Structures are given as C-alpha cells and as structure tokens.
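One chain, chain A, appears in both complexes that follow, with chain B as partner in the first and chain C in the second.
Let's look at the complex of A and B:
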C-alpha cells in the first residue's frame, strides 16, 4: 500500500524530478566539455576580397589556430557574436578590438603573450619567453626602436597568419629554410642599399662547408645563419666573440687556438680570429694547400717565406702533405688489394686509425705548434707504413698465386700432352700386334 | 732401336706420372686452403667477441674489431656493458671512453657523446650507432641491432 502511494507521488512529480536530474547531471557537463568556440571572423572574412581572405586561408595551419586560439585572441573583438555581416558589432573597440598593428608595433604586439610565462606555460611548460627581450638587443630591434620600418620584425621571419612551429618542415624558420628566409632581405641589394652591408651572404653560405651539409646533404644539425648570429637577438658577432661563437661546436679547435701564440697577435691587430683563415660566410674547408706561403695559402696572408712564421708554415705544410700522401698511397693499395680479391679487413681496419691520425694532425694545426704536429704525424706515419707493408704483402701473395696458377696450368698442359702421346703409342702398338 | 724405344717409353711414363701428380696437387691445394681457416674473417660479421667477462674494470672502455670498423665496449660504473661503433659521426675519427667525465670522446674535434651514444657537445651531428651486447659462456658478444 505504502509502495503504491510512493509510485503515485513519483509519477505526479515527474516533471520536477526530471528538471532536477538535468540540473544536477547535465549542467556541470557543459563546463566539463566546453563547446567549440565559434569564429565568425573566418566566416565573414572568407567572403571578402583577396586581401581579407588570405589570412583566413593561411590561418588554417597556423600554430595559434591549431592550439585552439581565435582571431580575437590577438586582435580583440567578439568573434562569437552573430553580427550578420555587421562588422561594427564584431569588431567593436568596446569589446577589445584593435586594428592590425603597424610594422613597428608588431614585436610588442606578439610579446603581449610570448613574454608572459604564466600564459605561455599552458601551451608548453618549457617554452622560452625571452624572444622580445632578445629582439630589443638585436640589430633589427635597435633600428626598429629608432623608427626604421624596413627592418625585420617577428612576421618577417615567422609569417603573419601562417605561423608554424620551428620544427615543422613547412615553417619558414625550419632549420634548412633559415638561409632562404634571411636572404629574402639580406640578398636584395636594393632593399639593403641604405644599410651598407654585403648582400652575397647566401651565395657564400651555399659554397661553405656548413651550407654543403645543411642544404645538400640535409644534415639539420649543420649551422645556419641563426647559429652564429643568434635567433631573435640576431647581430653580427664582434671580432672578439668569433672564437666563442665558432667554439660552441668546434670547442677543440677553439681551445687549441686560445692557447696558441696567434691569439695574442690576432687580438693586437683586431683580426676576426677563425674567420681570418676560414672566412665568415664562406667557411672554407682548408686543405694542406692553405698552409705554407704559396698562392692558395692563408698563412701567406700575414707571413712571408723569410720570416719565422713563414718558415714554420712551410714546414707544417710539408709534414702534413707527406703524411697525407702516404695515407693516399695506403688507400690506393688497400683498394687494389680488395679489387684483387685478397683479404683486406685488417688493412681497412687499420686505415681507420690512419685516417683518424690525419684528421688529428690537420686539427692540431690550430695550435700552430710544429712540435705538436710532428708528434701526431710521427705516430700516424708509423701506422701508415705498417698498413702499406700489409697491403704490399697481400699484393705479393697475389703475385705468388698468379705464378702458381701459371705453373699449375703448364703442368696440366704437359700431363695432357703426355697422355695424348701415351694413347697414341698404345694405339700404334695395338695396330702392329693385330698384323 | 729397341733401347731408344724403351727410353722414349719411360720418358712418357715419367711425364705422365709427374703431370698427374702436379694436377692432383693443384686440385688439392685449394681444398687444403679451404679447410684451414683464414687469418681473418672477410665477411661482415653478425657477432664478434669483444672481450672476456671479468677482464674489464668498472668505468672503463676498450676498442675492439668489428669487421673492418672499430667498436667501443664500455663497462659502466653500474656494471652494465654498452657497445657502439667507434667511428665519430662527424668525420669518422675513432672515439674513446673517458672515465673522468663518464662520456665518449672524439679527440679529433673534441666531440662528446653520453654513455647512451647521444651526441651532447661539439661537432658530432648524430648519435653513435649502438650495438647489441650479450654474454655467451665467458665471452662478451657484440652484434648489430637489426
């Protein structure tokens, strides 16, 4: 009886229970699963002329869009209002809308978020927020502060609405795109005219050992413009900083140079250290020809055949050239041994050591110490001589085998002839006996 | 006349016997060479012995021959074996273990790798090629990772 009354009450108050159910369970769900924010800006701007539609197209793959941001997060206004084409409602200054920033306002505009770690860490807890600070110290930033509206700002490199992560190969600042991106301005003589700086950097860089690795061999670890000049703080390294900049990767050479007798004189004469011999954007891979005082020599820029440095440079050249020639002989012999099908593993294995010693000898040149070079090349020469002997022994063994084969063939021929004569004789004897 | 015939007959017999002996020798020689093992293996090895268990101290390394290339075996402070191809990924110099910095070092251009073979400083652009290490009887065997 009691349960029957209860059922009747539930049915009578069903509407109230239903509303309560919705309120308790579904209302919080709206907050737990927020709906996608509506972006009316894209809807309207995609109908306009080309100038307005291009941002909407580019923005599709923009990192800000893929991170869930709307146009209004940068430009303000109300993208969710159903303005029905009334731009005054959507782009209402009262709702925070600001017209697109001018060229010189862009760095500060981007920095509103990109310098705010509290905000940026939501997207990446390890993100850097010092780009704007660095930019202000850059040559670009300094000129921009003086009112120059031609210098690069954020969008010059990152694009305006098609910004991608630097690790995205489609990004204009992806490792192997950087030289082209910088050269958009820096290789344009007309654009760069008033700055009175060279415009052949890209041309030189493409010929450099760094350019060869990055652009031809696709080695993304090879340095591009930003690795020497900095990213947002881009500036030419001062003469006194060159060894530090190159030393970031070439620390061994840097240490040798710093301890060398040359450091003092380079400082005294204001020579740009590494770049004095390797040049800056061309970054030449120097060879033995660069030593000594010949036409191709870099030592010859300062030294003559008569001065002490020149005499040492010539001796260095001779020592390394002799070792290098011996190494090449070993290489040719080892290839010949391999071509003739003789055992070559041990020779090839030892060639690794010879090659290592040659590289060390070339590297120790940065100490400009004849003693050091002699020490390394002596060890290498001993190794190379033993490799040469091994290769020559194998080639001798090959000759012995060839002669052995010739002798063996001769005896086979002789045995065949004897067999023929024997058969002929037996045949002859049989014919006589048959008579 | 009879004597001349006998001498000719015996000459042919000697020639025949000698010839066959040498032919047999030329056949046997390569067989013997085949049966006896060569001084070194020529083919790319699948696995080599890089050393004996117990011969290395903790926090030490040694270079071993892996076919035509050098390999580096490291016995870490934690008592683990790690092996890599010992050619630097910069310009193919031979790298070595540094127990002072517990790292792998290339003397040519001062490149450093950590004990997992990752390039950590200097010019090396890539990690070292890692090799597989396993113990078989008393041997520390090293093979390519396939």
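Let's look at the complex of A and C:
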C-alpha cells in the first residue's frame, strides 16, 4: 500500500523531477563547453590590414592569443559588443580603450600585467615578474628614462603582436635566435653611431667557441648574448665583474684564477680578467700555442722570454705540449688497434681518462702554477704510458695471431699434401673399374 | 701393436659381432663420376657441426645468460680468456659455414634427385636437420646480447606474431613474455644449448645411419657408372682432405676477420638503422617486405608467413611428390624448382646486402 502511494507521488511530480534533472546535469555540461569569446577587433581590423605583419595576422600565433586573451586585455575597449562596424562603440574610452602606447611607454604598458604576480601566476605559477624592474637597471632602460626613443624596449626583442614563448623555436628570443635579434640594432653602424660602441659583436661571436657551439653545432646550452649581459637588465659587465660572469659556467677556472698570483696584478692594471687572454665576444679557445712567449701566445702580451713569468710560461707550454703529443700517439695506436679488429674497449676507456687528464692540465693553467701543472701532467703521463703499452701489446698480439695462422696453415697444407700423396698411391690399386 | 689391435677386435667381436660392421664398411663402395664431388658436402657440414659442439662447450665455460652479464661475459671471453677470441670467432664463422654447406648439400641432393626411393627418409631427416640448424642460428644470434642481435630478435619474433589465433602465443613462447627481455635470453639460451642439441643429435644419428646403410645414390640416367672406390680408405681419406681444406679456410677467416661483438643492447633505446637478420634469413625477411600490406581483405604479411610455412612442408615432402623421380625418370619440374630456389635465395640475399639496405 505504501509503495503504491510512493509510485503515484513520483509520477505526479515527474515534471518537477525532469526539470531538476536537466538543471543538475545540463547546467554543468554547458559550463564545461564555454562559448568562444567573440573578438570584433580582429573582424574589423582584418578588413583593412591585410599585410603579413598586421596585428590581426601576427596575433594568431601570439602567446597572449593562445592563452585566451583578447586585444582588449591590453588595449581596453569592448570587442564583444555587437557594434555593427561602429568603431566608436568598440573603441570606447569609457570602456577602457587606450590608443597604442608610444615607444617610451611600452615597458610600463607590458609591466601592468608582467609585474603583477597575482595576475601572472594564473598562467604559470613559477613565472618571473621582475622583467620591468630589471629593465629599468639596464642600459636600455636608463636611456629610455632619459627620453631616448631609439633604445630597445620589450617589443624590440619580443615583437609586438607575434610574441611567442622563449622556448618556442619560432620566437625571436629562442636561444639560438638571440644573437641575431640583438644584432638587429647592435650590428647596424648607422643606428648605433650616436652611442659610440662597436658593432662587430655578432661577427666576433660567430667566430667564438660559444657561437660555434650554439649556431653551428646547435647546442642550446651554449651561451648567447643574454647569458653574459643579462636578459632584461642587459648591460656590459664591467672590468671587475668579468670573472663572475664567466664563472657562472666556468666555475672551476674562475676559482683557480681568483687564487692565482695573476688576480692581484690584473686588478692593479685594470685588465679585464678572462677577456685579457680569451677576448670578449670572440671568446677564443686557447691552445698550447697560446702559452709560452711565441707569436701566437697570450702570455707574451705581458711577459718576455727573459722575465720569470715568461720562463714559466715556456715551461708550461713544453710540459702540456709533451703530454698532448703523448696523448695523440696513444690515439693513433688505439685507432690502429681498432682498424686491425683487435679488442679496443679497455684502451678506449682509458683513453677517455687520458683525455680528461689533458683537459684538467689545460684548465689548471688558470692557476698559473707550474707545480700544479706538473702534478696533473705526471698523473696523466703515467696513464698515457699504460695506454700506449696496452695498445702496443694488442698490436703485438695481432702479429702473433698472424704468425700463428701462417704456422697452422703450413701444417694443414703439409698434412693435406701428405694425404693427397697417400690417396694417389692407394688409388692405383684400389680404384675399381667394374663398379 | 697389430696383435693388440687384432686381439681387441676379436674381444669386441665375440661380444658385439663387430666384424660384420667392419666388413660392411670395408666393402662399401662409392661411385666415381662427374658429380662425385657433391658427396663431400655433407661430410664438411658434419665437420662444422662437430666444431660447433666443441667450441660451444668451451664458450659455455665462461658465458652467462643474463642481460646484465651476457655481453660482458662474451667480452671477457674475447679479451681475457686465453684464445677466447679464437674460440668465439671460430664458433661464429663455423656456424655460418655449416649453414652454407648445409644449403649446398641440400641443393646438390635436390638436383641429383638423391631423395628418390629408397632414400626418402634420408631427405626428410636432412631437411629437418636444416631447419634445426636455422633454429640454432636464430637462438644463438641473441646470446651476445648486442644491439644488432637484440633488435633483430625483436623483429624476427614479431613476424611470428602475425599468425592468426596462435601468433600471440608463439610470441610469448619465444620471448617468455610480451617483449624481448632477460627471459627471452635465458629461454633462447636453453633452446640453443639443451633442447636443439638433443634433438639434432638424434636426427643426425638417424640421418648418418641411413646414409651408411643405403650407400651413395647415383643420379637418374647414370646407372652404368663403371668406376668406383672403396668407402674406406679411399673416400674416407678424400673426405679427410676436404676437412683439412675446410679447417684451413675456417682458421684463416677466424683469425683475419675476428667476429665483432658490437655495442651492448639497450632495450630502451630506439632501434638502430639497418636492422637485419643473419644472411641465411635475409631472403625470407626481404620477401616479407615485398608483400603488400593488404591482399584483398587479408593481411599481406600473414599470407607471406603462410606461404613460407607451406613451402617448408612442401620441401619435406618433395620425395613423395616427385612421382617421376620415383619411377627413375627425369623430372624437369623439380629441377626447375630447385634452380629457381637457388637463384631466388642467392639473388635476394645478395641484393639485400647491396641494394635493399
């Protein structure tokens, strides 16, 4: 009886249940598929801006667009209003519309959001918001503050409406694009004339060991302009900071240099530390030839053959050259062992150790201590001699195998000949002619 | 000395009647004609098999069948064990030469129609020995656990997987799981050193007994062979001469071109370029590639696998299908099949190395 009444009640209230059902399940479903935001700006502007570089085209792949932002999020106005082509309605100052910022206003314009962590963390909780602050300390920022309208601002490097993530290879600030991006201004003598700075940085950088790795070998970890000069706070490091800048990556060499006798004198004479020998932008990879006091040496810039430093430099050169020559001999022997098909794994493994000892010896030069160099090369030389012995042993073994084969083949041949003669002998009586 | 030997033979004869066997061997004759040379091929194949057994046992003393140690143990054999490099090199070269001579032996028997009655079962056991030899090659290939063998085994076992219904089971059976892992290595090692040797010895003994019992076959139309020689010592000494020649070639190959070990297999790396099986599987591997992805509604690869399986069975049954040869008549159809098979296998194998890389 009770259940009968319950059924009756359910049927009576069916419409209410039905509506409730729709409300509970359909409303969230609508919420899950939000309508695309309408953008009247693109619709109108694309009619009269047909060039490739126009904002309506460039903005398609812009990081702001792909993150769901509209033109109005930067420029204000109401892009979603049905204005029927009426600019006044869409670009209404009352709705926050502002005309595009001037060159000197751009950093502040971008900083409205990019310096606001509360806002920016919605897009990336680890995002940096100190770009504007850094920019103000940069050479660019300082000149901009003085009213210079030629210096770089945000859009000079990041573009205006085609801004992409720095990790996007199409971005102008992607690791291997940076030298070219900076050089747009810095390699233009006409443009840079009034600043009285050199314009050959890109040319030098391309020849440098850094440029070789980044631009030719595609090693994205190799440093570009920003890694030494800073990103948004870009400025020349200053003579006394060079070792710190290089030391970010070359920390071992930096420590050796700081403890060396040279640090004191470099400071005294105002030499730009690392750049004194390796040069800046050109960042030369120095070899044994750079030691000593010969024509190509960098020690010879300050030292002569007669002074104590010069004598030590020549000795350093000889020690490392001898070790390097021994290493090359080992390499040649190792290749010969491999060519001859003999086991080479252990030799190769030990060759890696010899190479790392040579690298250590070259690095220890930054301590400018003959004692240190002798110690490292002694260990390396011992190792190289053992590798040389191993390789020579393998080559001897190769010869032994050859001789062993020749001897074996000789006996096989001898046995074969004896067998052949025996067959010939017994054939005469054994061959059956009536099979 | 002679008295001792005679006494020993007499002692054995009283117990095992061995004079009958000795008499059989000393009276056995081998015909001499232009194709006598092919009679030596089986013997050379047998020599390489014996070398395989001996060198295999020596390798077993140091080899360890786990993914962690397999490569290192072969490396140890090649670099630290006295003459280990030679033993391993001989084992690899001898394996290849054994299969090469098995092919030559098989095709010579096919073209001379030596399989005709009463030697049908000698052919059947011979073909089975050939298949087991190929299985030896397949299972042994993975054992050094190097990059090439690892991925070739992966590709090879993948092919078995296309067979409808039982493909998945065969893959699991061969690999000991879904993928080529340590389980595959121990499994194939087990087949290589225990299962296959057991099977091959039994069939080989039967095959050899049949050959000895029935003597050498003479080709059709050459019944009137006049010249002949005694199996012992004439043919036996010639066989020995052939063996010496084969050992010389093997020694030279093993010493001048030591078998490489390559890089250790890394199951997580992507397959390197140019993955291919051993040369004796190349013609099948390449044929599979010739097949289109789909033939009507069927999978091309499945059809290819079935065709190969059917051909494998057909090959065993040749003595029973060649009715003309059974009647001692020339059978050009089977001669054509044989020549076509030689040309196909030969050309495709060579092209696989130089053209279809």
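Operating definition for what follows: the second predicted complex is superposed on the first by the 359 of 435 C-alpha atoms of A that agree within 3 Å, B and C clash if a C-alpha of one lies under 4 Å from a C-alpha of the other, contacts with A are read in each partner's own complex, and residues count from 1 in each chain.
Please note the rule applied: a residue touches a chain if its C-beta (ideal position, glycine included) is under 8 Å from a C-beta of that chain, and two chains touch if they have at least 3 such contacts.
Keep in mind that what you see is a predicted model, and the values were worked out from it rather than measured.
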item	value
Partner chain in contact with A:98 - chain B first, chain C second, else both or neither	neither
Which superposed partner A:207 touches (first chain B, second chain C, both, neither)	neither
Chain B versus chain C as contact partner of A:408, first or second or both or neither	both
Partner chain in contact with A:430 - chain B first, chain C second, else both or neither	second
A:419 touches, of chain B and chain C: first, second, both or neither?	both
Chain B versus chain C as contact partner of A:343, first or second or both or neither	both
Which partner reaches more residues of chain A (counting touched residues only), chain B or chain C	B
Partner chain(s) touched by A:285 [first = chain B, second = chain C, both, neither]	neither
Contacts on chain A seen with chain B and repeated with chain C across the two complexes	343, 345-346, 404, 408, 412, 415-416, 419, 422
Complex interface listing, chain B residues touching chain A	9, 12-13, 15-16, 18-20, 22-23, 25-26, 29, 38-42, 65, 67-70, 87, 91-94, 107-111, 121-123, 125-126
Residues of chain A that touch chain B when the two form their complex	213, 219, 221-222, 249-253, 255, 343-346, 348-349, 352-353, 355-356, 359-360, 363, 404, 408, 411-412, 414-419, 421-422, 425
Interfacial residue positions of chain A with respect to chain C in the complex	341-343, 345-346, 401-402, 404-405, 408-409, 412-413, 415-416, 419-420, 422-423, 426-427, 430-435
Footprint of chain A on chain C - complex, ascending	29, 31-32, 75, 78-79, 85-86, 225-230, 233-234, 237-238, 240-241, 244-245, 247-248, 251-252, 255-258, 260
